[in-house]
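What follows is a pair of complexes built around subunit A, which joins subunit B in one and subunit C in the other.
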Partner chain A sequence: MSLLEIKDLVVSAIKNKEEKVDILKGVTFSLEKREVLGIVGESGSGKTMTALSIMGLLPERVYVTSGNILFSGQDLITAKESDMQKIRGKKISMIFQDPQSSLNPVMSVGNQMLEMFNTLLPDFGGKRKKQIIEILRKMGIPDPERRYNSFPHELSGGMNQRVMIGMMLIKKPKILIADEPTTALDVTIEKRILTRLKELVGELGISLVLITHNLGLVAEHCDRVVVMNEGQIVEAGDVFQIFEAPSHPYTRKLLDEVPKI
Partner chain B sequence: MRDDLIRYAIGRLLFLPVFLLIVSFMVFYIGRYGPGDPVLIRAGPKATEETVEQIREELGFDRPVYVQYADYMIGLVQGDLGESINVQPGKSVKDLVIPRIKISAPITLSALAISFSIGTVVGLIASFRRNTWMDSGFIGTFLFFSSIPSLIMVQFMIMLLALKMNLVPAGWSGDWHSVYTTNMIIPVLTISLISVAGVARFVRATTLAVIGENYVRTAKAKGLPSWVVATRHVLRNALLPLVTVVVTAVFTAFEGSLFVERIYGIPGMGVFMVDAVFAREYDIITSMTVIIAMLSVVSYIVADILYKSIDPRVDLTKKM
Partner chain C sequence: MLLKCENLKVYFPVYGGKIFTRKIGDVKAVDGVTLEIEKGTTLGLVGESGCGKTTLGKTILGLQRPTSGTIYYEGKPLIYDAHERKKNGLDPKEGKVLRRKIQTAFQDPSRSLNPRMSIGDAVAEGLDIHKLGATREEREERVVELLRLVGLDPDARKRFPSEFSAGQRQRVAIARHLAPGPEFLVLDEPVSALDVSVQGKILELLKDLQQKLGLTYLFISHDLAVVKKIANTVAVMYLGKLVEEGPAAKIYESPMHPYTKALLAAVPIPDPRRARERQDIQISEEIPSSENIPSGCRFHPRCPIAETPLCQEQEPILEEKAEGQLAACHLVKNNES
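And now, the complex of A and B:
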């Protein structure tokens, strides 16, 4: 059994009382343990909506019409909100595209990370703080003791994304979904962050779902890839296989658009 | 860390005297050169030219305006707000104002406390249950109350609570000593009921804006219980803009409410100030304007400092 199985997922948005639009039209794919899966596609192809369906965090007026999302045998679509709260951040984590706006502006980085422990008990002996500083250091944040008390606006976008990743990994989830984690950052930082992320994910034995529109990143980091277009999966398979012999015309089009150096 | 706050406050307070000088100068001159003459009011319609001039001389209004202004300002910096000409001739403005503030301030502050607490709760319910019957029901009900003019509302309250149910007096009785009695109920209820909708809609709007923010989605993705997301992430950010509104409202609370005071017969500040204008009470008008101007400036400084201590992004040292 796969770690995560998505079967015939249909997600619709309510336009008005009568009309609804299908955003995802029967998406099926699976994720194995310790695997790095890439989801590629243009903006609007349904990559983020797929991720948000897994998290149970679809925006207002958007809901799952049919299909299953099985996580270790448990269907996340029919799961209660209280059960989802036990899965989010602990079993399945997600990081987002814009790190600057994804962190609470009026809370220090350390306090936001402390929330991951989700307990009312005080931090006896500063054990949790130590753990947080350790993961910040692992994420390559210089001077993590000082950064612990910083606010998001005092850090760069790259630093904030490192904080986000560190935060979402602290409970050692089974799956980490990274939704365009480096799109808002510049290229040199992108490379460093993704390398760090892959090392940590490998070290902790986490399955990674990397959502991106950048095929170069997929080629470099992923084991398998799912190509999405207009709410459907047009092609899926091994990264080498797809780059060697893309079978679907849309995949060929995407590959042709990658600038050759 | 706290240094910049103190430096900011001092910088602003140093500017205050200049500002007050300009305000007092303008109000003083507008009063003197504007229509109406307190001397004529005091002398009465049957007074002869001679009596009028005699009174004018007694009150010192025959002197050049800049001399009068200097005279007034010298008194003001010593804490002398001037004296009444017509309302209660010869009585110092300070003695007239203080008992009235003791009536108006508690009433307005109680009403503020009620309307802000109910308004915040209603706004939060409306935003967390947006587009449901609770949203439109609550907001609609309070909008209905706020669309009733206060002068109608007071009369309705008197009819209901005083005449029908006989719970409270139908009008104010006594002076400021009797403010903390059933006297207070109708004015406080009226003012707060009218202003709940404004607060509620403000809170609803700011909360809805915050609910859509990315960091709220992050908080949910962390697996936090809904109440933690609501209080720690949504509430704190949503209520930030309310700080300025509350602080300014508190600082100017002593002004009272004209209509409610007039109709319920409360000897408060609202009525007092309007009467002062009609009686051309120069000293009362100028002194009250200067005090209100001063309190507004101070309230903004306090709001800024409070804001800074809640929102780490605010940088008060930056030049504006």
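And now, the complex of A and C:
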């Protein structure tokens, strides 16, 4: 059994009383343990909506119409909110494009990490601060003792994103969904951050879903690829197969358009 | 040559102090840049965020005053302000003509367009400012012509920015900047906010316009793959200085400076086999602040090859290392000698 199985997922947005628009039109894919899965597509193709339905965080007026999302056998769509809260964050976590908006601007990054630590387990013996500094160091943040007391605006975008990934180290989820985690960053930093994320996959044995519009990133980091267009999966398969022998014309079009070095 | 920057410096003062506020330093955003752009060509200016590439663009546009150094446009100093022009013995009225000749286009088209102004009016605004459309018919005619030029339906001119996609909005923004009839465009990350497929189309449009109208571009971007598609010459900027400059083909084929090499190595390749086999050049991601620039070669704390004391002590100068290719590095051997 796969870790996560999505079967024929249909998500619709309610426009007004009579009309509704299907955002996802029957999405089916699965995620194995210790796998890096890439979801690619242009903006508006439904990649983020897929991720949000897994998390149970769909925006207002957007609902799952039909389909199943099975996480180790449990259907997340019919799950109670109280059950979802046990899964969300602890079992399935998500990081977003803009770390600045995910972090609290009036709380030091260390305290934010501490806060999350404490929601999982109360602090016994006050060793947490040391652990957090160790995590920050592991994430490649220079001078972690000082950075513990820094606020998000004092750190660069890349460092904030690493704080977010560091939080994942605390939570140790089974699945991590990264939605365009490096789109706002420079290429040099992008590479480092994705390498770190992949190290997490190896270290903690988690599965990573990388949502991106950049086929180059998928080629470098993913094991398997799902190509989405207009709410549907047009092609899915092994990374080598998709890049070397794409069968769908849309995949070919995407590949042709990538600017190459 | 159309535009020339000579030892251009733009510093931003930093104030501090315990009791009395005083100047305690400078952020050296642009720290002595010399570059030339030939008429009808595109110079691609690349670098990481915070390296000063946008400040350089803004200085050329006159949105930022240089601390020292001069910019020459068609051989004459580029000064927009009438009083400043008078002081330097130039015709004060020419300043506005320069404003017409040098235009720009920014990253986010939805933020550079007024949401309450129809796109036709937005495009015509430049004509009104420079008093170019004499009669209403002429103005209308020119708007139609401009919208056609950027590949939009002229019948859409009564519609508002919200009714268009991001790519179409960028086209409107380009039409708007073309309205006064510019010769030189500073394009600051014009396609970074767009999808890859739309990116390609806008780049094609820019190339097409360049040929038709004989435009010259300064193309600022952090994306080396995008720059490769459009630039004739490439200049790589690091902490306010150029570290490498040369014809685009040469920079991409045989980069010399370790920084350029590292940047190129970090660009993801859409080919899983090649990407996995590629040798990795690791540079530390910590960019020193431009307030506190490292001694000697400013790249040495991050440089994978800097070992000699020379790198820490003496600042390398940007000099020709191979035919047409300039690099600022002590360790790059001169090919000709």
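Heads up, the rule we're going with is that the second predicted complex is superposed on the first by the 254 of 261 C-alpha atoms of A that agree within 3 Å, B and C clash if a C-alpha of one lies under 4 Å from a C-alpha of the other, contacts with A are read in each partner's own complex, and residues count from 1 in each chain.
Note that in this section contacts are C-beta pairs under 8 Å (C-beta built on N, C-alpha and C of every residue); 3 or more make two chains touch, one makes a residue touch a chain.
Fair warning: this is a prediction, and the values are worked out from it, not measured in the lab.
**Q** Based on the superposition on subunit A, does the combination of subunit B and subunit C result in a clash or a fit?
**A** In the arrangement built by aligning on subunit A, the partners subunit C and subunit B fit side by side.
**Q** Taking the superposition on A as described, I'd like to know which of subunit B and subunit C A:Ala245 touches: first, second, both or neither.
**A** neither
**Q** Is A:Met164 touching anything from subunit B or subunit C once the two structures are fitted on A? First, second, both or neither.
**A** After superposing on A, A:Met164 lies in contact with subunit B but is clear of subunit C.
**Q** Pick one for A:Asn118: touches subunit B only (first), subunit C only (second), both, or neither.
**A** After superposition on chain A, A:Asn118 lies in contact with subunit B alone.
**Q** Tell me which partner A:Leu204 touches in the superposition: subunit B (first), subunit C (second), both or neither.
**A** So A:Leu204 meets neither subunit B nor subunit C here.
**Q** Who does A:Ile14 touch here: subunit B (first), subunit C (second), both, or neither?
**A** Neither partner.
**Q** With the two structures laid over each other on chain A, which partner does A:Leu254 touch: subunit B (first), subunit C (second), both, or neither?
**A** After superposition on chain A, A:Leu254 lies in contact with subunit C alone.
**Q** If we overlay the two complexes on their shared chain A, which of subunit B and subunit C does A:Leu215 touch? Say first, second, both or neither.
**A** A:Leu215 contacts subunit C only, not subunit B.
**Q** Looking at A:Arg192 after the superposition, I want to know if it touches subunit B, subunit C, both of them or none. Which is it: first, second, both, neither?
**A** In the superposition, A:Arg192 touches subunit C alone.
**Q** With both complexes overlaid on chain A, what's the closest CA-to-CA approach of subunit B to subunit C, in Å?
**A** 8
**Q** Which of the residues in subunit A come into contact with subunit C in the complex?
**A** So the residues of subunit A touching subunit C come out as 42-43, 140, 142, 158, 186-192, 213-220, 239-240, 243-244, 253-255, 257-261.
**Q** Which positions of subunit B touch subunit A when the two form their complex?
**A** Going through subunit B, the ones touching subunit A are 213-215, 217-226, 228, 232-233, 236-237, 240, 310-313.
**Q** Can you list the subunit C residues touching subunit A in their complex?
**A** So the residues of subunit C touching subunit A come out as 48-49, 166, 195-197, 199-200, 222-226, 228-229, 252, 262-264, 266-273, 275-276, 283, 285-286.
**Q** Considering only the defined contacts, which subunit A positions touch subunit B in the complex?
**A** Going by the criterion above, the answer is residues 55, 57, 81, 84-90, 93-94, 96, 98, 101-108, 115-116, 118, 151, 153, 164, 167-168.
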